[in-house]
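Once you scroll down, you'll see the structures, which are given as structure tokens.
You will see chain A twice below: alongside chain B first, and alongside chain C after that.
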Partner chain A sequence: MTPILLRIMLVVGLALVVSVIVLTRRAWLPGIGHGLPSIWRIAKITVAEARRRRVLQAVIALVILILLSMTAFSYLSPQEQAKMVIDGGLAAITVFGILLAIFVAAFLIPNEVENRTVYAILAKPVRRSEFVLGKYLGALIVLAAMVAVMTVVLVGVLVTLDHLIKDQAGSSFNPNLAAVVLAAVMSYCSLAVLTALIVLISTVSSTTMTVIAALIIWAVGSLQSQIYVLAESNGGAAKLFLLVLYYLVPHLENFDYRFQAANFVAISVPSAIGAVIVGIGYTLVVLVVASIFFSDRQV
Partner chain B sequence: MATAETVLHIEGLTKIYRSLFTPAGVKAVDDLNLTLRKGETYSVVGPNGSGKTTTLKILLGLIFPTAGSATIFGKAIADLSVRERIGFLPEDAYLYDCFNGEELLDFYAGLFGYSKRKRAALVEELLTLVGMQANRKVAFRECSKGMRQRIALAQALVNDPELLILDEPTSGLDPAGRHQMTLLIQELKRRGKTILLCSHFLAEVEEVCDRVGIMYRGKLVAEGSLPELAGEPEEVVVTFRGLERVAGAAATRLRERLHTAGVAVAPEAAEPDETPASSAPAGAFATLRGATGEVHLPAAHESKLWVILQAVNEAGGQIVEVSRPRPSLQAIFVRAIREVPE
Partner chain C sequence: MAMLSRRARNGLGALFCLGVLLALVPVQESIYRARPELLERARSRRQHAASMIGMGPTPAVIAALGGFRSVAADLLWLKADQVWHGGSWWAMLPLLEGVVELDPSFELAWKVYGWHCAYNLNAESKTDIDRNYWLQKGIEILERAGETNPKSWEMKWELAWTYYDRSHELPRAAEAFYEASRLPGAESYVSRFYYRSYENILDHDGIMRALAYARTQHPKDTKHQFLVTRDTNYWKWAWNDPREHRRIIVKENTARYQRAVPPYLYPNDPFWDVCPVCGMPVEKGKNAVCENLSCPNYKHPIHPQTATISASP
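Take a look at the complex of A and B:
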């Protein structure tokens, strides 16, 4: 490496360090915050607020209705019906989970700022990063409860169908419930990553922009392998843009185990764990950036 | 100059709001200097848009100053430990709508890391203080404006703060609600709290504040205690009654005597309508309404007071009061902002 290149790298590196210090100066306020207790209190009130929202209850009721209606495909063979119910059920959990994630997360911080409820909280010894993390944790708990309810109903439908088929035809489709539950858990993990990104966007933009951005991220994140192929087949600015998307947007498709669960294909646990670890790392980085952005925001 | 007794010290605080459409920016707070001493109640008054709320938001770390600095208890406002010792009542009580008073207070107390037992005791104490025990389970959105404001005040008190920052505490309240809130503020003052209050209800400010700062277009244009701001009385007022006992002749004689003394007499109207004698003290006038009357004598001509008292006495009038009224805060306020150059 030439000395000139080394010098340039040193200058760029120093500039980056200074930029990070300047950008994050408000995120690390002096004094003692209450850390986890504050995060937990904010998460709890976020959950309590969500519990009182009728829209969430209505969405859950709708999903349950959709899952129950899947028992009506009795003209299919048991195997086909099992595949249909598992695939459709997990798709419903994913799609409605994403809608719920957008609905819950996109409004978390903008609503607090617009309704000015954030004033009374930030006037207390609460760091802005604690506020962001508390809101995120609250959203995670709400989504966990929603996904759990939907998964329990799906499993209930599968068990009931299995019994019905056994009674009527004497055969059985023996659904792999563990795979179904694992697929639902992975779907929840993708929601957790997406929610963190939504929280990040909501710290710097309006609710409408956040919702639009969240939908785009979901679409891009679910089509990452195609985006890579597209990038490789393009050149110049288009390739660069697609590669930026590929490396920046989370690979949500890595959390999609619907096909394996519906087609009785064994799920690779190490790859699932790998996806979860990458997801956790990505989420942590996103939350740190969200905290920095929100710490610099004038409310 | 900050001393050990200084609770809040603001120096050269400036806030300019800039946007794409206003690159030069709008100056919301302009080189503000202010010091608040321990135990005092200080009110910042000013019309809407004068920079009061912006100042409070800077102090609470909700927005950031463009220039200048502020310390609370000797520490920079960015220091989180400062917020352990302050309480804030936001304008219009922006709290979570779907919770009741008890839940809200428990939540805000929890942000200070208090145990469940301590929170329960605090909630009881605060609900009692603000008179909300009976309505503790009413959802915040179903509360009247007065009830909401009382809960909001209670949340500002969860940490037993040494400094209370109140933003328009009586805004939107009916007269009864305003009175209750004023009583609560007086009670907190009696308990030794240092209070920084922003308001444009001047009557309540007069009732509770030790010192007043008048803000206009982001600047502090006047500051001091009410007597300091009012300055020396500008006139002496003699109030008398009992003219009915001596019928019309005495009143006519009084009118003549006052006129001779150079006092313009306005029988029915509030303003003088007669040209006084040439030796008249400028602006001296009297109003006679039936059996009662008032003589207003400019302070510069107080030496004429004895002549006027004698005239009233000789006419059979009874002196009720001789006073030197100070201008109201309203008058001080109007005078202060009129003096600001355009």
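Take a look at the complex of A and C:
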């Protein structure tokens, strides 16, 4: 795309967003003072529910075991060991993060509807959009705690190995801890986007469908650059389909900094900030759509 | 949005979403500009798709792995390590190809892959054609490594070292050392190898140019500055000394002989002619003959054409 077209898109997009916010201010401004406490209360309940689930504790225990087992590559050179531990650790955080996101988010709204507890909540002065946002915020807090625990264990393993492993000529165990933590934070951001999508799907479909759709979205989202390149080299209906896929599915690749952390390559901070901006924008869109869908849903 | 009708709410919601998505497109483009490796990797994967079939993982496998290519690369690397220790050198190739396709930033894998072809498989080959094939394959791999990791001085260094030490393409080695020395983080010895390459072919202009360049690099590194000054002084004296020229010619052509590379003939050397068969120097002259006892060209003229003309009545 040409730079002029990109600028026009930016201006038109921002103009549309500002216009809608200004036009609807009377509808949403009075609700803020009342809405935020409601969202926070629902989030707290969601966190309390998640804490009662044994599966989350089991997953965390499993991840810690996997991270501790990373110390078993002692036959490799220090540099190779550092790469293996960082790669394996960050992959474990991502894989189990995705599983946790699916387990936490896919059951949030369907369970409330199936158990009919949603009636008790919606009978109170709580808007449906506040209910959706509260549930999402609760899921985010649970995931943040889980990712934080896993990251702390990984950093602990790296620091311990750094002390235990002796450097060899031309090969040293010298992990860039800041890059590892940044990669874990970006991994959490990708989980936040995925969780928003899971919440959206769960407002209109069953739990099983939500889980399947979440896995497909994660796979497609991780391959967005491939889709972009495929769209460049195709034409007609195929190109249109690929472009729709490219613009609708979140760019989870943007958040993938594991390559850089494991290979000791410098991380571009502007690209990380850009990824976070895209993630926040995309999540906002998904949550607006989820709120509209859930408001229209007959429960 | 309780005060709005359902249709108005949905319409405004759609407009809001459209606005946000439109505004995100330029941000996404800027991410691709800041991280060109994302698209380049996808593009090169499409280009190399045909050559990859039968060598490493196919694009479909890479696609299926999604975000976990790096872990898959680590597992293949562990397998390659196991195969190496088992002595199955040839079996390492598809594994290493897989590793570098899955994790193109894995510099150690690129280094080992290129070195394995240019050194081990080259030495293991029985014929000159095979030796040359594996040497060129190793160079090709290291060139790919440099293209894939353009900011890595170590990748350029590996390529330069292979030109310098293995294929003895010294002008090319000098260029590659120069490029490596310009990349961020390059060690001081890289710029010193830039003039070492010219030293071995006795290219006076090249040596002086490279020495002047090396002096501008790492100004605070006293050891580097000392070595460059020492070598500059050495060359001011050694260029006029035939014995030093001879020493370098013997050293370089002996190394070439050991690597089965044809000798370098030093066409512009002011003091020595070089036997095209054994590569040993003989005092310059129209009727110079090889004086190396073990050379098949022993006592035969080094310049056959000139010798024939001068011998004719």
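Brief remarks on what is shown
We take it that the second predicted complex is superposed on the first by the 259 of 299 C-alpha atoms of A that agree within 3 Å, B and C clash if a C-alpha of one lies under 4 Å from a C-alpha of the other, contacts with A are read in each partner's own complex, and residues count from 1 in each chain.
Definition applied: a contact is a pair of C-beta atoms (placed from the backbone, for glycine too) under 8 Å apart; a residue touches a chain by one contact, two chains touch by 3 or more.
On a predicted model such as this, the values are computed, not experimentally measured, just so you know.
Touch criterion not met for A:V55: it reaches neither chain B nor chain C. For chain A, the partner touching the most residues, choosing from chain B and chain C, is C. When the two complexes are overlaid on their common chain A, residue A:V244 makes contact with neither chain B nor chain C.
Of the two partner chains placed by superposition, A:I216 touches none, neither chain B nor chain C. By the touch criterion stated above, A:N115 is placed in contact with chain B alone, chain C being left untouched. Contacts of A:P37 after superposition: chain B is touched, whereas chain C is not reached.
By the touch criterion defined above, A:Q298 reaches chain B but does not reach chain C.
Within the superposed three-chain model, A:P125 lies in touch with chain B and out of touch with chain C [touch as defined at top].
Annotation: chain A residues 26, 31, 127 touch chain B in one complex and chain C in the other. Against chain C, in their complex, chain A makes its touches with residues 1, 6-7, 9-10, 12-17, 19-21, 23-24, 26-28, 31, 76, 79-80, 83-84, 87-88, 91, 94-95, 127, 129, 218-219, 222-223, 225-226, 228-230, 233, 247, 251-254, 256, 258-260, 262-263, 265, 268, 270-271, 274-275, 277-278, 281-282, 284-285, 288-289, 292, 295-296.
Only residues 26, 29-34, 37-38, 41-42, 44-45, 48-49, 52, 115-127, 298-299 of chain A touch chain B when the two sit together in their complex. Contact residues of chain C toward chain A in the complex are 1-4, 6, 9-10, 12-13, 15-32, 34-35, 38-39, 41-43, 45-46, 63, 66-68, 70-71, 73-74, 77-78, 81, 103, 105-108, 151. Taken in their complex, chain B has these residues touching chain A: 57, 60-64, 75-76, 78-84, 86-88, 90, 92, 94-96, 98-99, 103, 107-108, 110-113, 152, 155-156, 159, 165.
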